[in-house]
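What follows is a set of structures to go through.
Okay, so chain A shows up in both of these, paired with chain B first and chain C after.
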Partner chain A sequence: MEENQKILTKNWGKIDTKEITSYRKIGGYQVLQRVLQMKSQDVIAEVIKSGLKGRGGGGFPTGNKWEITAASAEKEKYFICNLDESEPGTYKDRLIAENDPHQLIEGIIIGAYAVGANKAYIYANGNFHLAHFLLERAIHQAYENNLLGKKVMGSDFDLELELFIGAGAYICGEETALINSLEGKRGEPRKRPPYTSEKGLFDKPTVVNNTETLSSIPWIMEHGGTKYSQIGGNGEVGTKIFCVDGIVKNPGAYEAPMGSSINDVVYKYAGGIIDGDEPWFAQVGGSAGVLIPFGSFGAVPAYPRSSYVPMGSGAILVVSKNQDIKELMLSWANFFHRESCGQCVPCREGTFRLKNIIERLNEGNFSQNDKEDFNNLIWTLDNTTLCALGKFSVIALKDVVRYGFCDELK
Partner chain B sequence: MQIKINDKIYDSQKGETVLDVCQRNGIRIPTLCNHADLLASGGVCRLCLIKVKDNSQLMTSCQLVVSDGLEVVTEDADIERARRINLELLWADHAGKCAHCLKNGNCELQNLAKEYKLDVFDFVPEIKKFDKEQQLRALKESLKGRITDNGNPSISRDNQYCVECSRCIRICKEVQTIEEYSMNGRSIHTSVGTACNAPMDCILCGQCANVCPTAAITEKNEVEKLEELLSDRSKIKIFQVAPSVRFTLGEEFGLEPGNFVEEKIPTALRKVGADLVFDTTFSADLTIVEEAHELIGRIEKFLQGDETVKFPMFTSCCPSWVLYVEKYWPEYKEHLSSAKSPQQMLGAIIKTYYSGSKKIDKKNIASISVMPCTSKKFEAGREEMQRNGSKDIDLVITTREFARFLRKRKIDFLKLEDQRFDQALGAYSGAGIIFGSTGGVMEAALRTAYETLVCEDLPSLDFKNIRGVKGVRVAEIVIPKGKCNVKEMKIKVAVVHEIRNAKKVLEMMKKGECDYHFVEVMACPSGCLGGGGQPVPTNAEIRRKRREAIYYKDSKLPIRKSHKNPAVKRLYEEFLKEPGGEKSEELLHTKYIDRSSNI
Partner chain C sequence: MTIQNILMKYEVKPENLLRVIKDVQREFGMVDDKFIHQIAKYFEMKPAAVFSAASFYDQINTKEKFNIVVKVCDGANCCTKKSAKIIKEVERFFGQKIGDSFNRKVIIERESCFGFCSQGPIMVVNNVMYEKVTPEKVDDILKGYTDFQ
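What follows is the complex of A and B.
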């Protein structure tokens, strides 16, 4: 396993993010030129060969996603880059946009070319002001350099790319809610099927890819899918940015090969645990992530969601033994309560009541009745909500109960 | 296609949902967001959950489309638990608000709570157990974001009763195309509202109130105002009752839809203090005479070569339709018949002719109408419907409010003796009675217009091809030379209900493709019998029963043409002189306003 292989972060700090010339000087957009001479199915084949999976947390193979949309007979297709990152403790996508906007744009152009879309969007979280500025500028420069617009780099391929700034709602990171928002509607998830690959934006076939996924594309096309598939281990390929926080010496974002264990990331990259403190557990994947007790830090985050440590967004929060678990529970409950779109009953009402119960838990007013309700609510959110937000909102709470982290809930 | 529900085989059609099949076969599945008149919701109430056999995942039956070999289970422990908890979550928001609620006893949420025996509000700890500060916080939380809207004369909203089922959003968009409502806010503060929560500014048809499962949207309740008027001893209380009310009021007292309860209404009204009970059906006949006269006038002018005549002529008895034209298509307002609606005609006649002949000061008259319609409340308040600062109609109450008032007065409606309307302004023809249904005004107008033009009796009074419930129904009527020796011609007419269909006709006009001479439009599904003030629940089946009862009544009446109504004839002889005459123009006709800048 090549430990220091950098793909996503290789240019960070080395280029002037405001100038396209800086990115071109280090070879940027050269692979695009080559890709535009390839057949689109060959591009897709290369991505399939790489084994790249969606970095938003779903882990759906990117190449296969493109293939489905490319196969559609519909002429009008859309390509969307999902930059609505709002998972607490996750900031990889924002950093990518801020540190290497052109690599992302190059990935988007390749993707749009592969599926045959002539219109692409970057759906950006409304709070990412620096990223907005840089992307706006980068897109403008790309147009000026004929990397976007009519006949990209002299080929027959036309592409319009637009930066769309959302309002910063968590649910708009869910692809169907994102599409609704992009259409000017309320950011509410749609029922699936139909899937976005058949009926997405404006009811046309649409690909929605995570920012980190797309940023990996230029490297894959440059070095080949096979080479990419050789990075990583433990059944997962490529590299991934981990956002490490909590009681580690050097909190931050680190690019590590897939297949790294929690221990690897915490000790090799984040400098290990702060002296004198002791970890209790780690939460992997943001607020919607599972809890992994300290004893199991050797476990490897992986796709899909059914694995022991689902990768999720790739955030790792190391929690101290001294942490008041009730406080943390309230912070989760507050987050999901605030971010519920309010469409369906269990999520709208359930997250609110759950928050109230956890407030009472924190105040020491937790009754036997509350305990029953707590379990009922967790079950309802887990099983009856319209979209996955309800399910996500109770993942950590379920683990608190499972591991007996909170005395009152035992 | 056959599917298995709880191990029993049922027939189903392609494209149906499991919920459709269950409802048809009497398999009980609770739902708050699904409604027979609407397209499927996004599956938001999460009460209709079921399972596909041998699959532990809960699914919404309102979204699960049937497929070959589908096997579902509608009852098991998980399903029961999910429905109960979700219902309890909604109910927790409502706890304790029923006693003074307008929908008490007829609320879908309350009925479900009863069905599932929810009486403890698990999610809201008893307020007694709270300390002062916690009590205050709970109170604040429950009132936070409460929005009430009483800024229009017809419809009231209070979002503390709202269960966010989105039915109102959908009916307003799908059926009426107005799109007045949308969801505002998020998480627990999500609520149905208007844009920026501005006061409602729509066509006030009240269909949203008809489909609302709770009391979040209701007609503007004016029962107290009615009581106030009734207790005013200085006033003579004159009532009028719309044609369709007598076919629907029974439902409020447990009768099947379509029961004819006309004879109980005057009794009930007299019992609560009415001095005179007139019939809007009488003035429906009057409207027809005026409107048919106007149509003939336009046709004759056209035949004389006048190119400026506005065709098609639109009916104007539906105030929501009038408002729709005024707000969205003001360029076509001259197409609306200048004839007032029956309610306003009778209102004007009561406060001029009747008060004059009886030597009563019109200031001492309280003119009250019982209507199937929320929009009539608005119509009564229009400036053109007032004379010297006095409104022709002082108060409009809907069928629902009337029933509520009778219940409040503890009147056993069904046991009342039969009585008649006051005949001075109360006799009616079959043409007046069918005003209550879509197509009725057209049919009534054709009966009169034909006979007036041709000077011969119609061969058949039933214009069957404009009856029914198709959105737009078109017919051609051949006008023969007849005794009056008119120029032979064909009149092309269209009958339209629901605004979405009216919009189609208006769009045709815009493109210059509309060659109709006369178009009847009713904003509500099936016309007034499906009006925004009618008893709930409502669906196509209920409306069909109401409609059949109306046409049956017409077929049994001795007089079926408006111009043959003896009371109408007498009114012309004694007072109005002739249709379209000076007095008629002054009292029975009106003008329309361009309201497009209001939207």
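What follows is the complex of A and C.
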């Protein structure tokens, strides 16, 4: 396993992100030219061979996702890059857009070609102002260079790409909510089926992929799926950007091979723990992520939901022994209550009541009744909501109970 | 810029609705009833449908306009960097609690993660972002806004 293989971050700090010429000088868009001469099913076969899994958190195999939409007989299809990124502690997609916008756009064009979509969107988080500016400019220059528009690079493939900027809503990262938002509706998740791959944007077959997923594509097409599949370990392939924060010496975003343990990321990349402090646990995957006690930092994040450390967004927050756990519980509860779209009752009411109970816990007014309600609400949110936000809202709280991190909840 | 200028920039198609709403918010600091009706007319939609979309988002204000909007990040990362103390400091400075809107000039809000966690705690005042905010710095930052009122 090559420690320093860089795929996503290889150009960071080395190119002028405002000029397409800078990306082209290092070979950018050459692989697109080759891809446009391939049959689309061969492009998909290569991505399947790579073993790449979606980096939006779900870990769905990217090639297989493309295959479903490519197979649809419908002529009009859409391709969407998800840059809504608003999981607390996560900012890898923002950095990708800011540091190498063209590698992302090249990935989008390849994806749209593979599935046969002639219209693509980037749905960007409303707070990412620098990324908006750079992407607008990059898209404009791509049009001028015939990488977008009619007959891309002289092929028979036409593609329009537009930047769409959100207005502050975590739930719009969920793909069906994102689609509603793009259509000018409230950003509320849709019931499934029908699936996005069959009836997505404007009821047409649609692919939604995460920004990090798509930025991996040009490298895969250049070096081959087999080579990509050889990077990584412990059942996961490729590289991943981890956003490491908390009581580490060098907080930041680091690209590491899949299969790296929490310890690897914290000590090899983020400089280890701040002198004089001691970790209590790490939260992996953002506020929707599990808690891993310090003694288990040797564990490896992976995509299956059943893994001991589900990867989620790949954020790692190392929390100090001195942290007031009740304050952190309130931050989680406030977040999910604020971001619940309110469409279904168990989530709307459940996140509200959970927040109130945790407020009382912080004020020292936590009663035996509250404790019972707390456990009931956790069950309800875990099992009865329309979209995954309900489940997400109780993952960390369940771990607080499981590990006995909060005396009142023991 | 008038609302007409904004509307004329956009074709009438669904994916332009939120773009118009955002432009109006940026230009006028709110998207109130009057604007909602004008937008609805332009897109040939019911005002209720435009309101329902606009009011969904954190960055769109469908109520009155505030002169000073202070948003303190309440995300988990900023929380471990003591954002609760920043919130207390801001509340003390203005003599009002988070969420109170009685004075119509100032509003203090808890916000979800801004995606700049490693530079936290993050505070945003009238769309300007401040990084690594400490309780000691709060006064200085906020005075820069109140002095003009």
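Annotations
By our rule, the second predicted complex is superposed on the first by the 410 of 410 C-alpha atoms of A that agree within 3 Å, B and C clash if a C-alpha of one lies under 4 Å from a C-alpha of the other, contacts with A are read in each partner's own complex, and residues count from 1 in each chain.
Basically, a residue touches a chain if its C-beta (ideal position, glycine included) is under 8 Å from a C-beta of that chain, and two chains touch if they have at least 3 such contacts.
Please read these numbers as outputs of a predicted model, since none were measured by experiment.
Once the two complexes are laid over each other on the shared chain, residue contacts for A:21 go to neither chain B nor chain C.
By the touch criterion defined above, A:169 lies against chain B and chain C together after alignment on the C-alpha atoms of chain A. The larger set of touched chain A residues comes from C, when the choice is between chain B and chain C. Using the contact criterion defined above for the overlaid structures, shared-chain residue A:328 touches chain C, although it does not reach chain B. Once the two complexes are overlaid on the shared chain, A:386 sits against chain B while remaining clear of chain C.
When the two complexes are overlaid on their common chain A, residue A:186 makes contact with chain B and with chain C alike.
When both complexes are overlaid on chain A, the residue A:89 reaches chain C alone and has no touch with chain B. Of the two partner chains placed by the overlay, only chain B lies in contact with A:340; chain C stays clear of it.
In the superposition on chain A, A:41 contacts neither chain B nor chain C.
Residues common to the contacts of chain A with chain B and with chain C across the two structures: 169, 186, 188, 338-339, 341.
Those residues of chain B whose C-beta lies close enough to touch chain A in the complex are 42-47, 49, 57-58, 63, 78, 81-82, 85-86, 89-90, 92-93, 122-123, 125, 163-164, 182-183, 185-190. Across the complex, chain A meets chain C through its residues 85-91, 94, 121, 125-128, 162, 164-170, 181-188, 202, 243, 245-246, 251-253, 283, 286-287, 317, 319-320, 323, 327-328, 330-332, 334-335, 338-339, 341.
Residues of chain A that touch chain B in their complex: 169, 186, 188, 190-191, 337-346, 348-353, 356, 360, 367, 369-370, 372-373, 376-377, 379-380, 383-386. Residues of chain C touching chain A in their complex: 14-19, 21-22, 25, 43, 52-53, 56-60, 74-77, 79-80, 84, 110, 112-118, 120.
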